[in-house]
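Chain nomenclature is as follows: A, B, C and D, assigned in order of appearance, with residue numbering initiated at 1 for each chain independently.
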Amino acid sequence: MNFRSDNNAAIAPEILRAIVDVNVAASARAYGEDTWSRKLDEEFSALFERDVRVFTVASGTAANAIALAGVAPPWGGVFCHREAHIERDECGAVEFYSGGAKLSLVDGKDAKLTPDGLNAAIANNGGDIHSPQLAAVSISQATERGTIYTPDEVAALGAVAQANGISFHVDGARFANAVAALGCAPADVTWRAGVDLLSFGATKNGAMAAEAIVVFNPKVAEVIERRRKRGGHLLCKGRYPAAQLLAYVEGGLWLRLARRANELASRLGRPAATYLSAPVQTNQVFIKPGEANLAKLRSAGVEFYDWGAKGSGEARFVVSWNQSEADVEAMRDLLASLR
Amino acid sequence: MNFRSDNNAAIAPEILRAIVDVNVAASARAYGEDTWSRKLDEEFSALFERDVRVFTVASGTAANAIALAGVAPPWGGVFCHREAHIERDECGAVEFYSGGAKLSLVDGKDAKLTPDGLNAAIANNGGDIHSPQLAAVSISQATERGTIYTPDEVAALGAVAQANGISFHVDGARFANAVAALGCAPADVTWRAGVDLLSFGATKNGAMAAEAIVVFNPKVAEVIERRRKRGGHLLCKGRYPAAQLLAYVEGGLWLRLARRANELASRLGRPAATYLSAPVQTNQVFIKPGEANLAKLRSAGVEFYDWGAKGSGEARFVVSWNQSEADVEAMRDLLASLR
Amino acid sequence: MNFRSDNNAAIAPEILRAIVDVNVAASARAYGEDTWSRKLDEEFSALFERDVRVFTVASGTAANAIALAGVAPPWGGVFCHREAHIERDECGAVEFYSGGAKLSLVDGKDAKLTPDGLNAAIANNGGDIHSPQLAAVSISQATERGTIYTPDEVAALGAVAQANGISFHVDGARFANAVAALGCAPADVTWRAGVDLLSFGATKNGAMAAEAIVVFNPKVAEVIERRRKRGGHLLCKGRYPAAQLLAYVEGGLWLRLARRANELASRLGRPAATYLSAPVQTNQVFIKPGEANLAKLRSAGVEFYDWGAKGSGEARFVVSWNQSEADVEAMRDLLASLR
Amino acid sequence: MNFRSDNNAAIAPEILRAIVDVNVAASARAYGEDTWSRKLDEEFSALFERDVRVFTVASGTAANAIALAGVAPPWGGVFCHREAHIERDECGAVEFYSGGAKLSLVDGKDAKLTPDGLNAAIANNGGDIHSPQLAAVSISQATERGTIYTPDEVAALGAVAQANGISFHVDGARFANAVAALGCAPADVTWRAGVDLLSFGATKNGAMAAEAIVVFNPKVAEVIERRRKRGGHLLCKGRYPAAQLLAYVEGGLWLRLARRANELASRLGRPAATYLSAPVQTNQVFIKPGEANLAKLRSAGVEFYDWGAKGSGEARFVVSWNQSEADVEAMRDLLASLR
């Protein structure tokens, strides 16, 4: 029973088939000049209901760091939640790609930023030559605790960003899970709400290694292209990541896969209700049943990550797009047996 | 007739099958903790006849830049040929990953460095606090002009590197083509000849997107691991690049594919003999038949890159692992018809 | 009445005279090869009672950033107080010089770190490839709120640093004020307490532009030398910063100047007792008398900086080495008149 | 007899006096908000006959690197002469401040760039995403071999820069010597000739440590200000570098000092005529009399630097603003005695 992370899961058959299919062509132009790469902008523009530029990269870390480096100068300040992936799990990738930008950490319940929290953090910046230049705010959708921002909540943050002349980035490593849960249009939680840049993840939801930087602000495209190249993320055989992403969004596959994972996770939320340390809104379940209960789960063969401070008795369980019903049933029983 | 580059070619069936095969497991640990990733060190240690560490990345640019950043400080000087890929085609990736190292360009016939050329370049360095610190030498094997270094030639450069206390890196984007042509052991043109780090390419010779940094000097491994993570090249689903590389070297597939491409290229060399601007030693053919002849080839439907200075009448033709015999026959006739 | 900062003050006559004196030599070797620069290591080794290396730079920002970049890799984590100068007032200089290291902010009363606070921050680090590598802790002595660490307090932090294998840096922009207040040997709050690197300030206490990176750990010297050069802080006419620093420490001038400033500040502390927001231990006075009282001071012609959050009613007053007694008397009366 | 470099010389009395004079004020606002710093823009605007922004820094290395980082992105290409100071003597400072820009080296007689040479180098750039982005050209005035560009020569290079949409920087560490020799207005060899940024040196011609980045293109000012701060070159006590620069240009002191040095150097040029390896146009004399003759000079007590390749028998002699007539006479006799 592997609930470690959705990045442990295999490739969805539709996506694997797409890879096999594009391989039929004996040759295709390199560096994004192939048919499939060229189609990406078009398909994503349809998906987002406006013209967008799409840049594929090999990992979510690359997507976040290259996107943010596109809007934050080396002396820029980037506001994000204290538990944000860019702060805690990317070994300083944003600092690396941007040439030294500073992440300013903001607190907020359930790993979410609020307009008040963001405003306070902005006010705390000195605002002169000795302080970082206000550059961007970055949120995760879904968050690091599986929670989601409603379109209104995103728009409220977008308004703060706009009022302060800073860019707005969304880390959407689990964007599909969020959109599936919200039931809204992708546009509603991105550009319509003031978002400039989106890291659109596919890997955690069925792709092999395909993430896209979706650029709503065309001015940013050129520097992203340069940084992608220098970072080694402009792949020569562009048809393979393109094919993954095309298959991912075709016919709503991305939402179908995400909905299934979300739904299975919600089944786990019920028996764990007493222990939940965050509401179950997507495919992640956070519980705090104490170390003894966690040990019990582990000895029952469940794989998962401890969460929060060492010894806090908290843990995270992530349901993958291909998690078996049997896993979920067994896990549900185990959760119900905790005391 | 696409002779633009071997990076236009499809995935070899054995490698695609390996991807499909590892996908059978519903889940596998992320970030290189899976079975296949773990096998990489072992298989490559066997291939290179000594303990090595292997780090997969998504592109040759990443392999070169991360490898060199592992041995060159921000104030380091890296010697390479004036036509090296790291100088001409990677948009400053080495400078980016290293935090500002300087490439010092060295001339040499057929895109090859010589010990004399390298020694002269080293002597030209000021050698004090005002000059870059001598850090590394990097050669391409095969070179940017398709030529190769013999084991003795590599060892002679390795001796210069060692005498000057600098590291020795090989850009092996087409390492297979070189080893296939040389008929030597991989070890003979790497660590036995003083090489510390190898960018071991597979993408141009049949993989989808799989390059490996092979580390012969274990002290360098940790910083490479860190830089790979920060660069976004530590993929979560490590089994897929690992599977590609395992299939690539299994049973000598890599050499079979490369030998075929080399052999087909050699067929093109003969009719083009009068125009050759570099000896045909691997899978690349460089000719300088003048602009009119190149226009003739183009109008016959041949795709290729102009080479050298604009209007020089020189061009490059790369034969891929899956180039059709028909392509080669047709091309041979076209070359024979030039005048 | 300028209480804005001690960096507003003129050069002390002894230091100005030293500049004039070394100017007598028509020529002197450049880049630290002159007589006076060479004497620096010797004099500072005597001052610190052990062999040290001294690197002069033109600003405290440069001293801190170059020192920390000497011990923190680009993926390093540097622990410091939330109010530290390196965090709040240097526009990301540490991030710049280090190539992207991350400052991890720690809370603590009166701008001081505690072993418990530091240990908790260290424990909060993930400790794997996805997290910054624990690299250094940096404290300010005196702190940004004018408070000081006793030798025991420094040693306790030094022990935490050592236990975790990280380097220990002290931002001593006001080191003289701290040592003067403590009455201890400089060694007692540096290397004897586990400190590896000290930014030894002179500019705020009577020099023109002379700060020294004092290196207790000789292994760090070379990279500091390189970074100083690349940062443009290896001045060609090294005799002038050297002369300033030699005059500064000669006969204990640095402590005399600092003691005077400390003593005058303490006179201000008494009438302001009700409003003090930090204990007056050196030459800085922090009060929180409310916006109306601050406006009153301002209209009386006092120059100073507001402190803390906007509108908090808090302010900082810094007493310089050459502050006039009259200023202090007048200010004392003003403070006594607040209500 | 010290002919090592003009950076070995003392401070000119007028400039030292200016330092002493501004020290009379007990306090002055920090970070360039003082009276003298504010006057800099005004005085330099008069000197250059148009509105300019002036940023003081502590070294020529900082001036060059910060200026170029203001116009070259991390993926920028900067064209300069193979012997340029930024290439040979600054340990990669441009690469550091810019975040990895690449210096593209151009050949040219007497250390000078020509429009043809520059055009050829530009043409050699790939011009696509794989190549550096054309960003800037940098020349030295006077050059590293003491030669000068006439206004027409500068304008011809400026035209090439403009035609290619790249910025034009002048390293004027010895700008005074050049202008004194040319007898032209400073504007004639800067903005009137298409120059965007000038590193205006004073240190080598009588200042203590004062260099100015003179910005003709106002759009660049903000990023220069940020980079200066992050590099630790925004000095708190701004009045001292400002006073140096104000005294330096007041009443034409800078040109008087430079003219003297130039004139004395020209006296050395005559007896050395047979050995000259570059024309003597400013205050530097390059001769190539062979190793034996150089040994003879050295044993006669002359201090100087060998030049060019090791053992080439070439040397550089720099005449300082305060070089004694006796030194020059003695040196002249020594040169006349070579055979």
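As a working rule, contacts are C-beta pairs under 8 Å (C-beta built on N, C-alpha and C of every residue); 3 or more make two chains touch, one makes a residue touch a chain.
Here the structure is a predicted model, which means the values were calculated and not measured.
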item	value
More contacts between chains, C-D or B-C	C-D
Centroid-based (C-alpha) most distant chain relative to subunit B	C
CA centroid of subunit B to CA centroid of subunit C, Å	50
Inter-chain centre distance, subunit C versus subunit D - centres from mean C-alpha coordinates, in Å	33
For subunit D, residues that touch 2 or more chains besides their own	74-75, 90-92, 96, 99-100, 129-130, 226, 229-230, 234
Touching residues on subunit C, where the partner in the complex is subunit D	2, 4-5, 7-11, 16, 19-20, 23-30, 57-63, 65-66, 90-93, 96, 203-204, 208-209, 226, 229-237, 240-241, 320, 322, 324
For the subunit D and subunit A complex, residues of the former touching the latter	31, 73-75, 99-100, 129-130, 133, 223, 225-227, 229-230, 234
Complex contact set, residues of subunit B against subunit D	74-75, 88-92, 95-96, 98-103, 105, 123-124, 126, 129-132, 309-310
